[in-house]
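Two complexes follow with chain A in common, the first pairing it with chain B and the second with chain C.
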Partner chain A sequence: MTAPLLQVRDLKTWFPIKRGIFARTTGYVRAVDGVTFAVQAGETVGLVGESGCGKTTLGRTLMGLEPRRAGEIHFGGTPLWPRRHSASLPFRRRIQMIFQDPFSSLNPRLTVLDIITEGLLEHGLIRPRERTEAGVRLLQEVGMDPDVLHRYPHEFSGGQRQRLSIARAMALRPDLVICDEPVSALDVSVRAQVLNLLIDLGAAHRLSYLFISHDLGVIRHICSRVIVMYLGVVVESGPTSGIIDHPVHPYTRALVSAVPVPFGSGRQRVILSGEVPSAANPPSGCRFHTRCPYAMPDCSRIAPPLERFQPSTGAAREVACLRKHELA
Partner chain B sequence: MNSNPPLLDIQNLSVAFDTDEGPLTAVENVSFSIARGEVLGLVGESGCGKSVTALSLLRLIPMPPGRIQSGKVVFDNRDLLRLPASELQPIRGGQISMIFQEPASALSPLHRVGAQLMETLRLHQAIDRPAAWATSVEWLRKVGIPDPEQRMQAYPYELSGGMLQRVMIAMALMTRPELIIADEPTTALDVTIQAQVLQLLRDMRTQSTALLLITHDLGVVWEMCDRVLVMYASQIVEEGPRSELFHRPCHPYTRALLGSVISLTGSAERLVTIDGQVPSPLSYPRGCRFAPRCPYAFDRCRAGQPPLESIAPQRRSACFMASAFAQGGDMP
Partner chain C sequence: MGSDRSLWSEAWRDLRQRRMIRACLWGILVFTLLAAYGEGVYRWYRLTDRTPPYQQVNLQERYLPPSLFRQPFSYDRAGGSTVHLGYRERIRKGVQVLAHRPLGTDNLGRDVLQRVVQGARIAFLVGVVTSLIAIPIGVILGCLAGYFGGWVDEVVVWVYSTVACMPGLLFILAISMVVGKGLTGVYLGIGLTTWVGLCRLIRAEVMKHRDHAYVMAARSLGYSPWRIIFRHILPNVFHIVIITFSLRFPASIGTEVFMSFLGIGVQGEPSWGVMIGNARLRLWQGIWWEMTAVTAAILIVVLAFNLVGDALRDALDPRLRARDNT
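Moving on to the complex of A and B:
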């Protein structure tokens, strides 16, 4: 196998908790606490988990928007992020991001043309007089009417704004696009349009996506591989259909069974007790043991490593659970 | 249909808001009823008028700019829209409770959770403080809040979204209402917490409380509801018992909505999309409001609005093609 496009090793992003008048650091919120994974060129990888599991922080750390505490990020074989701004510029072109909220992620004072071609000018990929032409081409690519070039974001609906965000991200012909809940704020009928657009653009330009979502249905639809996070760590990862059809880790099981689906019939539902503990003070051992229906005494002492595992039914994957052999 | 009078009967409800660009019709000619103990789902996308419908039932929309233009909301042989405020107040939170989408903004941030629970009880029942305290603690325990005595002393900001929604549910249930209106009660919650809250709402049905569940999530509707209403562009476009409506939708909008649901089991085929977007309430099309996006639309649809008509027992649809849909074409 060729070197992956993105290789992340033992990445940690901690946020200091400051107290008192001297803002002394009294602890850390361990939002991302030792995450390792890779994304191949042209691959769409899903990152799924509930609020507070660290998936958004992980995406932002990869983009260089949050400082990491430890770990390595390699992009196309080169370490990210270089300290010097000039050295980081090529990466800023090659990695783009699409944010969740289409209302706050577009500058309300800029026109559509400014928004979607700003990056092209900044990176010197077009000359100022080629701007309109580039803008028209981008709008057509995301299925919007070129007449809207001189309008402002407030004139568009959520779905159309998300198309503009996509046009902005695609303008620079990136290799990797990090999508942070790109369709969560959209209604179902519009959501399908935007997902289809992302799939088409990904195929046309051989893009890699890191697709962050809490919605397993969306992940299942768009991603070939999925990474399940819980409280800052990866608990299970592998082929999407294999994991959703035959989850091994107790958390993945609960997550899959909790999704209400139309036409579903009396599936065995795992209802977890309690809530996600605080990432400032995560439980010892396996972080899921406080809510796990299968927890045993060892689970509170030993942090299970993420290991390769072949269950009797379902695809090979990586699982972090002490009892995976009994549960599979 | 049973011959018992419905618990709540809504007839021709229309609500408008005055805006700078003119009056905006949020709810138009909406009629439906809820039976005792029934779980009725009200489904639609953002802006379709489902929340305004729910709020109007208890006259909770801000007036002005809102205006209830016409209609009747008959509850207990009384029209809630014409009741004096003094008589409506005991019904709000007493016989009819509401659960809102954002529990954090529905509770007062300045008062302890316990004080808010006790206030609700004492407004509706002749009960002294110690008894109200005890009842509140008991209800917090019933909705699955650990250490209820301590939680009574907590301020809303100290509790998570799932906990607050439980507090809201306890508050809604403890006056033993006949109807609960829940407006997207689990939308702000994570799926595992949503599963807990839905389970709780299911358990609470044993006391024959009716539930009007407003949601955009068809999976939640499937799991919870007996009967379903579908709204589009301020109007009800389809109504029917859950299974029949899901298996044989008789309005193209319902069909499209069901088609765009992303399955957890299906293969990665292309998603069905609904072309275009929801029309603005300030400029609804003249004919059927779904016609510009409808794959089945023909000239008649663009000329006039199809009325919401009965097509089978307990089923209504506002589509000229409804009977054709009713006869053929099952959903997968």
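Moving on to the complex of A and C:
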């Protein structure tokens, strides 16, 4: 197997909690607390978990938008992010991000042309007079009418705005696109269109996606592999269909059973009690033991490592659970 | 409707629809034109090396009241009765009287109207030049502090807190002592002390915008911090600059008046503060017109700028707009 496009090792992003008049750091919110995974070239990886589990922070840290506390990010074998702005530019071109909220991710004071072609100009990929041409091409690529070049973002609907964000991210011909819940703010009716656009573009340009979502239906539709996060750590990862059809980790089971099913298939729901514990003070041992229906005394003492595991039914995967052999 | 290119045009429409604001805008326009005219007169007489009319001493015409109060249709300019003349002749002489020293003269026989116009010129200069000093300082420091945070923010906050905790007037006095009395001292004194409020506002607003997704997107596209600050964020907070400008303009005029009144402001030229200081001495003798003309001019200009500034704030502040927009 060739070296992965993106290799993340033991990544940690902690936010300091400051208190008092001298702003002493009294603790950390461990939003991402030791995450390891890889994305191969051309692969679409889903990152799933409930709100507040660190998915978005992980995406932003990968983009270098949040400072990381520890760990390594390697992109095509090179460590990210270089400290110098100029040194980071080549990587900016190759990794792009699509944001969740299409209403705040486009600058309201810039025209469509400015928004989608500014990156090309900044990176010296086109000359100023080729701007309109590039803009028209990009709009066509995301299925929009080229007449809108001189309009402002507020004149568009959510789905169209998200197409514009996609055009902006695709303009630089990246190798990896981090999609931070790109369809969760959209109407159900336009979700499928935007997802299919992403799939088509991915196939056409051989893109890798890291697709952050809390919607397993979307993940199943678009991703070949899925990573399940809980409270800053990975609890299970492997092939999408294998994991969604035969989840092993109790948290994944709960997530999968929470997906609405038409006409009540008689499946047993796993209902989790309580809220996600605070990431500022995560539970000892296995982070899920406070809400886990299968918890045993050892779970609060031993943090289970993420290990390769072959259940009796379903695909091979990595799971972090002490009782995986009994649960599989 | 959103709040984009239409923000400015909608604000402009809002303003024009209000009769009071329209009157104020006209007032500001007239003030500007008078200031330009005053500048022209000033330059012309300096160029030709003659005493400008507002400085010409005429001891025969000291303390001339405004022309309306000189019974223009009964007496001519020399004070001779026109009662015996024909109807047409009386009107002709009367108009001549009305046009002569319309706002009266001061203790040296200088024309009050001409001096008020010169005062408008000084006031306008003070408003513009101090803004040109204060606004760039406030905007640049505010942007840097708000965007970069960390030690940059701490330094900027320290600097503006230090400036803000000194009484403004003492600071202005100190500066004018250093650079000498006169307009330069006024410009620097006011300019260097009044950027703090704007800096605070810009800093807070930039901090808010820094976490917006569009700034995140700009960062992930690899734009330089300068580009992000000045091309992406600044246009989104620029309404604050406009509002601040229209509200600080009258304030700086007021400060100039006060400084000139104290004798550390404008020297040898009729600014409004100089005129008030002069008129004050003879107010008790019943020479009311110089004081009245100057204070009326100040009132109109300051009121017009303040009303327009408030209306601009209402029209441009997104928090106030959000209600009827979405």
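Methods note: the second predicted complex is superposed on the first by the 326 of 328 C-alpha atoms of A that agree within 3 Å, B and C clash if a C-alpha of one lies under 4 Å from a C-alpha of the other, contacts with A are read in each partner's own complex, and residues count from 1 in each chain.
What we mean here is this: contacts are C-beta pairs under 8 Å (C-beta built on N, C-alpha and C of every residue); 3 or more make two chains touch, one makes a residue touch a chain.
Just so it is clear, the model here is predicted, and its values are computed rather than measured.
Applying the stated clash criterion after superposition on chain A shows that chain B and chain C can sit side by side.
After overlaying the two complexes on the shared chain, residue contacts for A:Gln100 are found with chain C alone; chain B is out of touch.
In the superposition on chain A, A:Gly159 contacts chain B only, with no contact to chain C.
When the shared chain is aligned, chain B comes close enough to touch A:Arg191, but chain C does not.
When the shared chain is aligned, no partner comes close enough to touch A:Arg30: not chain B, not chain C. Residue contacts after overlaying the shared chain place A:Arg220 against chain B, while chain C stays out of touching range.
Seen from the Cα centre of chain A, chain B and chain C lie 80° apart once the structures are superposed, a value rounded to the nearest 10. The gap separating chain B from chain C at its narrowest, counted between C-alpha atoms of the superposed chains, is 9 angstrom. In the complex of the two chains, the chain A residues touching chain B come out as 50-51, 157, 159-160, 187-193, 195-196, 214-218, 220-222, 244-245, 254-264, 269, 271-272, 274-276. Considering their complex, residues 1-5, 212-214, 216-225, 227, 232, 235-236 of chain C touch chain A. On the chain B side of its complex with chain A, the touching residues are 45-46, 146, 160, 162-163, 190-196, 198-199, 216-223, 246, 256-258, 260-265, 268, 270-275, 277-278, 332.
Chain A meets chain C in the complex at residues 60, 63-65, 85, 88-89, 92-93, 95-97, 99-101, 104-110, 118-119, 122-123, 152-155, 165, 168, 172.
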